[in-house]
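Two complexes come next, and they have one chain in common, chain A, joined by chain B in the first and chain C in the second.
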Partner chain A sequence: MESTAVVQNTKRESRKKLTIIDCDIHMPTIREAVIAYLPRHYREQIDTFGMRLPTQGAMYLNGAKGGIMQEQQFPMDGTPADLLAYFRKEHLDKYRVEHAILTGLGDYAIQTTPDADYAAALCTAYNNYMIDHYISGDPRVKGSIMIPKQDPLLAAKEIDRIGGHPGIVQVISSNGAEKPYGHRFYYPIYEACERHGLPFAVHVSMEGIGINHPPTGAGYVNHYIEYRMARTQIMMAHLASMIFEGVFQRFPTLKFVMIEAGILWIAPYIWRMDQDWKALRSQTPWVKEPPSEIVRKHVRFTSQPIEIPPDESLFLPLLKSMHGDTNLCFASDYPHWDFDHPFKSFPKLDDELKDRIFYQNAAELYGLPPRRSESEAENEAEGTTK
Partner chain B sequence: MESTAVVQNTKRESRKKLTIIDCDIHMPTIREAVIAYLPRHYREQIDTFGMRLPTQGAMYLNGAKGGIMQEQQFPMDGTPADLLAYFRKEHLDKYRVEHAILTGLGDYAIQTTPDADYAAALCTAYNNYMIDHYISGDPRVKGSIMIPKQDPLLAAKEIDRIGGHPGIVQVISSNGAEKPYGHRFYYPIYEACERHGLPFAVHVSMEGIGINHPPTGAGYVNHYIEYRMARTQIMMAHLASMIFEGVFQRFPTLKFVMIEAGILWIAPYIWRMDQDWKALRSQTPWVKEPPSEIVRKHVRFTSQPIEIPPDESLFLPLLKSMHGDTNLCFASDYPHWDFDHPFKSFPKLDDELKDRIFYQNAAELYGLPPRRSESEAENEAEGTTK
Partner chain C sequence: MTKYCIGKASEIQPGGKKIVEAGGRSIGIYNIKGNYYALRNLCPHQGAPLCAGVTSAFVNSSGPGDFSYECEGEIARCPWHQWEFDIKTGQMVVDPATRTMTYDVSVEKYDVSVDDEDYIYVHVP
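Right, the complex of A and B next:
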């Protein structure tokens, strides 16, 4: 925690005025407006059989009704524009969010059905809805491409379809999976990511649901809290798979973003990977650098739900050990119940580190412009809050 | 690392003379001598069909041939007594091991067959072999009961059969599993553990093999190094399952020992469990204490393969944060290739902490007598090395 005392007062002052990038936002959707984008035969099937999607809520509890903070009351009987207006007021303006990365709401369930063609059609519908109603509605809103991960060739097609849109900043998939993401099955997705310069993000969701594997290497867990712990375990498996299958050697410009899996586990995990790699590197000769170095170059992670050690003095050394200074990006997970408040969730940080975590790291990752000056931010905030 | 400088010199001197408890030892076995303990119909089946056991080696590499350090050359063409004599010389005497806890060698494969009756017969054979040839052959050797985890009632029967033997100190099962170990399916095992005052230990092995679940929540991994990383993830799942299913409330004297899953992950894992438990405790109201407190009271862990942070100054604070001072027990994993040397694997420790990790914690866990004085140790060592 060195040097924080010195900057503490100025920090308190400046904190309110700094704009941020929020890397994990879940806008609700008006389902009928999404369905309107589907081809007629799927609309008819939905009329007759319903959405036909396995969901988490059918197996596990959550932390709040619908997973949403009680005090957030989106006007769900309104239009998509009403939802966006509510979001602007309750989040973008309130916390001076300069860029908000949308990372899916109910739509991960699309990735749990065995019907890849239906999944592809639903992804297209959700992505179009997102572009038309949210990204086009506010310049601060950026989007992630939901893909039919069941069929990587169809996924690549969807990435090629909209990957060039200026409001699209990444490709996203659920943590729940049929195979670890380093598997060659997924390579068409990474080829498409590289074609468009988009990171590949994995967001915790749908572990053990539908076609995905049971959520742990010992099968199904029972309680929601075990389920939350299991999510991190699966992200660990994806990370090791990406590294040791050689994904980053084959796709040298690819960035892998781990969203909502916690962060402090990354430190001991990379220590262990480095240690084992030293002993076993002859078995994966294509991995030519220590895993920690691959993580530094290719892997980014978002902060929520952030763990704070009981001994807070451990936070900064652990963060440093996992390259958090360059690789950690702030996320609030708005409007979910376990929302991390942009100004209250972190231990004290010095100005430079705060700037990197709350803005620069994400700006570099997603190719976003430098932070506007404070005065510009003032002006623009007034312009957009009306 | 406070106060270590002061004690460094005395420590260097005393280190050689201290006896230790080694909590993870894998004695090889003479297979024919094990088979001799089986009922005739199983011996005949083995003659005709072979051992009929799925094994790790059929799917994954290892770090060395047979998983054994190259320089260890057990006389495998000899008798069980020859193996024990080799073990005495190469390990017990060499490192002044006062108690050595046997934790299985090839026998975890028993737990991967769907044939629970065959598994039970094999466990009985292995356990009898272990008692007759190893435990009875040297007072320093202690044993773990291998159980047919496929059928917890048969497992309990085996625990009741030999749980009272003075050389038996715990019940052991593989990390690879059909269900997380907090599941009520396993309760007959914990009832038997409590009846005999034996800890329940889980040792990494057989993840994804035979009837066990695939080794990660995203399915099968490819390389041995990913497999090693996955093992820790499964141990995490077992730990959360034991805590949140309420095993320790139902079995208040039960101790759970995590063997060979690494250690430093435990710190951020319990921070996260505590944090989530605070928010979600209404969903598991039988868990009345923070998970970290349950870990302190009921969970023990062995050290090998120990991770050392690149910034070594983090080691002791992390160890403290996970109650390592009372709950960590030294293990070498002899004779496996990733053996941790008793005197060289750890960062510097002060005398008290060293004493706890290398002796007292295990002595309390397994009900072993206090360390003999150094002079007694000298005398006895001379007596047993002949």
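Right, the complex of A and C next:
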């Protein structure tokens, strides 16, 4: 009896110490080190005129100063290696993160300038900085390719340039856009994603900024909270666009990742799409399966900022309805102010579901290796939390 | 109840705060208009160090576009999700049932002190 109890207890302890994959990380950068990667032409322009990018902060507030958790103090007067060291200590080691997905360096503002050549040069600079200073600096760090979405051919060129790097796991673009992402304008991007086996991710940001359309179809909203609420409807539009324009028929291996758009609203939205598809299927006959099935096969979601229903018993049924067991991946959004704590943001989940959301779903999506054995993870966690 | 001396009263001026360890807990000691308050440095939401955020007023309004400031310096704003807590009660502003611990604070002179300084004590159960 006693020995069984000990074994069970040990098993429970080791389960508690399992490593995770965190699918939304925003690393700051050392500006001078990024600018060093730009061609002379742009270095001189920036030196004379500044960065020449529209900013979200010029139109909308954020949740906290600098948009980050107020106790986080990145050594911004240091080197890129200093920033990485801080990130290791404050996040990777602290929360047993086995893989951390950087969701694009710099600012999605790059994707809002009308100058696509400049945007492409900036993307290249940030992507190179990311590979040289962060991905190469820690094997846990994985990267997303920032693309000049203004010009899908230039975007495809950038994907082809670094898409084969082993630390690159996806292509990323902002939710704010000139056209819904199902539009054939974007096909060169999806072709390039398929060539390299990379998912295409859309991260909320830059709605209504620069060349992007207003944050709602009804026009500009005023306050930051309205702006955050408006993001969901844009993501809804992208999702329906991807499905009904037939992107997944044309690009059958493409995965689409929705980052930071919320999760539980997806359940009734899928129901609604299925219902309308039954009636309107003949207008888009290339959509041969129920939208819910296309979502299950091709679309993945990240969890932060997670909605918790006041009646927590609603959480699991809604999670199940949006395919959370297979399609949801944990994200913290570190170091942003609306960070979701890896161990405290979710309601209680059974071990299997927890394992899917905090590791397996992301590992399958990004082609990451299986989790190191539980004992190894346990040893490491104990070694690094001293 | 154990009382812990956390420093000289003069160290925390009105509007100021100090985060201390006492009885195995991290606690924020605030000086609000000359009175001292102790708030557990732990947000009940996701466990952030609550007292590491900004200290602010309660912002009120009579209607759109109007802002008024009340209870100056009495609100602790969580450094992560910016939830607002009343420093005096530990209660969340919009949901008083969500709360963190508060502790009694006293200002005393050392029992056998040669100086005439006031010291702050926090009383932790």
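Heads up, the rule we're going with is that the second predicted complex is superposed on the first by the 359 of 386 C-alpha atoms of A that agree within 3 Å, B and C clash if a C-alpha of one lies under 4 Å from a C-alpha of the other, contacts with A are read in each partner's own complex, and residues count from 1 in each chain.
Heads up, the rule we're going with is that contacts are C-beta pairs under 8 Å (C-beta built on N, C-alpha and C of every residue); 3 or more make two chains touch, one makes a residue touch a chain.
It should be emphasised that the depicted structure is a prediction, and the values quoted were computed from it without experimental measurement.
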Per the contact definition in the header, classify A:D338: touching chain B only (first), chain C only (second), both, or neither. both
Contacts of A:M69 with chain B and chain C, given as first, second, both or neither: second
Just chain B (first), just chain C (second), both, or neither: which does A:R228 touch? first
Chain B versus chain C as contact partner of A:H213, first or second or both or neither: first
Which partner does A:E307 contact after superposing on A: first (chain B), second (chain C), both, neither? first
Contact-wise, after the overlay, does A:V204 reach chain B, chain C, both or neither (first, second, both, neither)? neither
Quick one: classify A:L264 as touching chain B (first), chain C (second), both or neither. first
In this superposed model, does chain C or chain B come into contact with more residues of chain A? B
Where chain B and chain C land on the same part of chain A: residues 63, 338
Listed in rising order, chain A residues that touch chain C in their complex are 63-65, 69-71, 337-341, 344-345
Provide the residue numbers of chain C that touch chain A in the complex, in ascending order. 46-49, 52-54, 79-82
Listed in rising order, the residues of chain B that touch chain A in the complex are 61, 63, 175-183, 207-208, 212-226, 228-230, 232-234, 236-238, 240-241, 244-245, 262, 264-265, 267-269, 271-277, 279-280, 283-284, 292, 305, 307-311, 313-314, 317-318, 320-321, 338
